[in-house]
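Going in written order, the chains are labelled A, B, C and D, and every chain counts its residues from 1.
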């Protein structure tokens, strides 16, 4: 939740800009003036606004603009599940340990159980429900490789897997492991999950 | 979670203002604060969602030592994405790579990592930092497998939780802090203190101050971190050590050795640093130096194993700095 | 005529993906905790913060006045004066418009406690003068002795000349189920006397019965839905106090539905656990490695309740043995059945002692085990007759496993695994389980005029793939594709189905499913035969066609169209020969580990699991269950432990962070093989949920000892326990 | 332990006056439950083990391991008509 409300009108976050211009580059060095100019931008911000009661939250969930009433303390997870009936993300540990609540927030994989909904105003939330489920998809690979049993952790695993593959289309099995290390399965379906991720990597390239 | 007022800002000035005069808390990555709030361990009246920039950069000033700057809002993911950082500050990169999970790395910021509160299970169960109840120190008398082995004479027996503090202290990093009276810069090691009373905090930063950036001089030698933990997936280190070494030829001319997971503050192994002076880093010297790292150790009833672990971790961090990873399976 | 499984099946025993896989993997499956019926309120529970306390007073009024609150109540029989026996014991509950409001209201309930002295660890419970958890027949100092078992004269046999023996202690901690979907349900009280619930349960029928019983209404007035559910592992066998409370709240709130699911801490504290095991063992054998005697004093705690006993001796033939077990009671949540209750504990104790004795004898532990199998070990066939000898099965399985792990080439005696910081080691263990299913269930099969086929029963899927099993069986019989079949389960009003426990679901449900499909097929034959100028007995089904004397004549859909407006609906029951009623399976597992002796960190490199379970219906979901069992056992072997604080009596790790569970990077290479001979297939269907989780932790413990040259007596194999064991060895040397 | 001396047990369980209770054939209370009743043909005691019993019992009135009278729930304890909560089938 580091770069909230830093979206420019063009839709690219400041972080995207920095990633693109600074760190994706091999030397990863930004010169002094870059920070100075950002500081100037910051100085123009107005005094702060206090939200203390219920407030209207607008966010884009799976491509659809959604609105609901929330309190500042509502987590993104509980807002999705209790208020917007988006129940792919599950509440399991509720403390950023198990990954069942994983969603994609403005392109980043996050735990929605420890993300405040109010901090997501205007942001784009993608959950497992929006993913392609065709024959070249990650969900399909989970089914084909039986990477699930009771299925309660599965939306979180599928989400983590998909983002991992988006960033790294040719993962080794250890990279897959690292990619889903933020998720826990109690039925013990990891073998199928790892096979599914590797299979999805293959078919997605073929697609 | 109890209800609270919410303020969001990317500006440190505004964050300081918003924190003024209220029982407030800074929301950085959120994984620590919100978990504590859900457990009613922390119940702020106002949450200030301080979301500054995520920027890592290295500046060269003519004639001087280059300086690394990491702004408070830098996520671990962005830190890890910097190739230059990986090459020049492997101690920091390694420690960051072992923190959390892909999700946490996207959420957690460097400031949030440095200023997170202890994971001590008595603290998290609501018994306070010192976990003293009816005159009994719960951690001393109870399950202290993860507790301190140094500075155990007092009541603060939890271990400092930040993995990043360990390499940053070894690398001589400073923290810039903004408060109502303006800006101040302290060594990262000075962010931590050993609380004496339950009302004390283990952090020296004021309740109305915010950490804005970390700076450190580009190291003039080699540095490394080694961490031991039970699980290979998401887990906390049992013990980790970071070293930063300067060399005069093949011999060490200056050593910083900092250990995490062993004390209520990141623990500086001064005697080991002295013992390293003037010697090359070999299996034998590292072993001998590591033995000095546990001078003065006073483990509790259930964490004697950490003493051996500490020796190993220090030895391996020293050897990792010079590229000797003797423990890795072929 | 009794039915028999097809000799050369087209689908049964092949690898079929789950029918409900995609709906789960896309997040579209609605779990009971995902339900949000119109007007739903959110429930929350107040539970005891103390391990042992008397309630002096409860004041609900402040909660009732909180915004959004629609109903508040005391749970069950709790009243001023009631005793709370563990942290997490239920006190009161709230239903409110939002979940946040429900939590606030729970905090507003005012309870005055008189905190009583507690015992939360085994040591505390048996200390002289310890506080008493509860009264009961034969309980002294929080201990209750089980019936002692004695065979022969174990003391004399152990002391006989030439007998080599070991004396050792082994300990495994309490672990909890950690179902990812918490216990609970969403429930609506309808009118005066009807209940509809969406429950996360392993037994829709039991849950319906519990709800009906609690309100004194007929079970026919209760419908429990469990389309999918997020894990049970033995702990979700009824409505539970939370479910009944939620139904009361719904009634109080004028019939508005109430969702009540436990929070994670409550789940650890009050929703079940596997008891601990503490064992003092003497085991002796002749010099040539034949067991002569076992003397074991064991104990364990299942919290404030019974059930810590476990099988011992386990698997092997011990001519003289004595065993005493003591249940220890503590102020902790009750144990519940957990994946092969008792067996993982018995396996750890027996197999550790076997390895330690083999080491002392200087015999290869694999050979030592084979030498000590029972001469004959008879278990059931599909007709409930003890005609199957498990001993030759074990011999074959061990040979398969030894080959796959490379035992011959890699195994070295304990402590002879090199001198670097990283030591490799091999370990093994044998296990057994029942896994049959009773013959009391029914499945309805419907063939509709449009060709659609439905299989229906009041069982549920806890992850073993019940829907897919039904569809495979129906498709096999009807000559269709698996995806042509619709399986409807998870509804208590359907024909009676098996609760999912004891690895019984598949063996209990496959026979009635098979018979239902056969009955429906035969009825279809009777209806379409005249139109084909054939006799019903000349008809068969294959590849989506009705065949006359083997010749395809009529496509399936055309045949069904001939039913006119009338569907075929029949109900199948079980019949002998299709499944084992009590089962009796054996298996073995091998572990290869590396142990870093400077850090105590154990990494499992490879597990080989060999398992027999009769006739396998779906090889794919079968393998997944075995992988899952192994990983459950790996958690028990390496990570899991409920940590209690003796002073304040609370659980210190009621989370998923310091309660450690394996993630993907902790998963080794796992090799799974079915022991699936024609003789095994002839036994009929046997369940596989539990057996493969029994021996993993024991095998890992043995591999660690083999690697480092010293027994680690405390499970899990944590750095602390490993380094402590190494230190105690050095201390002695 | 290949050594002769075992490590210390955390506890030693030898309750002095406790006697093992043989299971009684009398009729259990109708509120007594265990998982085996549902899974294996309604047997009140676990039938699958002749030599040990690790059955976990609960009372359907309290849903816990102790009854409405606060005393322990078990096959032995819940056959006594002397218990205030006992109800025969």
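Assume contacts are C-beta pairs under 8 Å (C-beta built on N, C-alpha and C of every residue); 3 or more make two chains touch, one makes a residue touch a chain.
Since the model is a prediction, treat every value here as computed from it, not as a measurement.
Student: When I count C-beta pairs in contact, which pair ends up with more: B-C or A-B?
Tutor: Higher C-beta contact count between the two pairs: A-B.
Student: Distance between chain B and chain C based on Cα centroids, please, to the nearest Å.
Tutor: 41
Student: Where the centres are mean C-alpha positions, what is the separation of chain A from chain B, in Å?
Tutor: Result: the chain centres lie 26 Å from each other.
Student: Using mean CA coordinates as chain centres, what's the chain C-chain D distance in Å?
Tutor: So the centre of chain C lies 20 Å away from the centre of chain D.
Student: Could you put a whole-Å number on the gap between the CA centroids of chain B and chain D?
Tutor: One centre to the other, that is 50 Å.
Student: Residues of chain D that contact two or more other chains, please.
Tutor: Where chain D is concerned, no single residue meets two or more other chains.
Student: Would you please write down the residue numbers of chain B that are in contact with two or more other chains?
Tutor: 1-3, 233-234
Student: Tell me, which residues of chain C touch at least two other chains?
Tutor: 100, 657, 662-665
Student: If each chain is a node and each touching pair an edge, is that a line, ring, star, complete or other?
Tutor: other
Student: Taking the complex as given, what residues does chain A use to touch chain C?
Tutor: 71, 73-74, 78, 81-82, 85, 87-95, 97-98, 100, 127-129, 131, 133, 138-140, 142-144, 146-155, 158, 174, 176-178, 180-194
Student: In the complex formed with chain D, which residues of chain C make contact?
Tutor: Contacts found on chain C: 76-77, 83, 85, 121-123, 126, 134-141, 143-149, 166-169, 171, 203, 205-206, 210, 213, 234, 237-238, 240-241, 244, 275, 278, 280, 297, 299, 302-312, 323-326, 328-329, 334-337, 341-342, 356, 359-360, 414, 434, 438, 440, 498-499, 501-502, 504, 582, 711, 713, 728, 732.
Student: Which stretch or stretches of chain B touch chain A in the complex?
Tutor: On the chain B side, the touching residues are 1-11, 13-14, 17-18, 27-31, 34-35, 37-38, 46-47, 49, 51-59, 69, 71, 73-75, 77-78, 81-85, 100-104, 106-107, 109, 233-234.
Student: Where on chain A does chain B make contact in their complex?
Tutor: Going through chain A, the ones touching chain B are 1-6, 14-15, 18-19, 22-24, 26-32, 34-35, 38, 42-43, 45, 47-52, 71-73, 75, 94-97, 99, 102, 108-111, 113-116, 118-119, 160, 163-164, 177-179, 181-183.
Student: Give every residue of chain B touching chain C within the complex, in rising order.
Tutor: So the residues of chain B in touch with chain C come to 1-3, 40, 119, 121-122, 125, 127, 133, 136, 138, 141-143, 145-146, 228-236, 238, 302-305, 308-309, 312-313, 326-327, 329.
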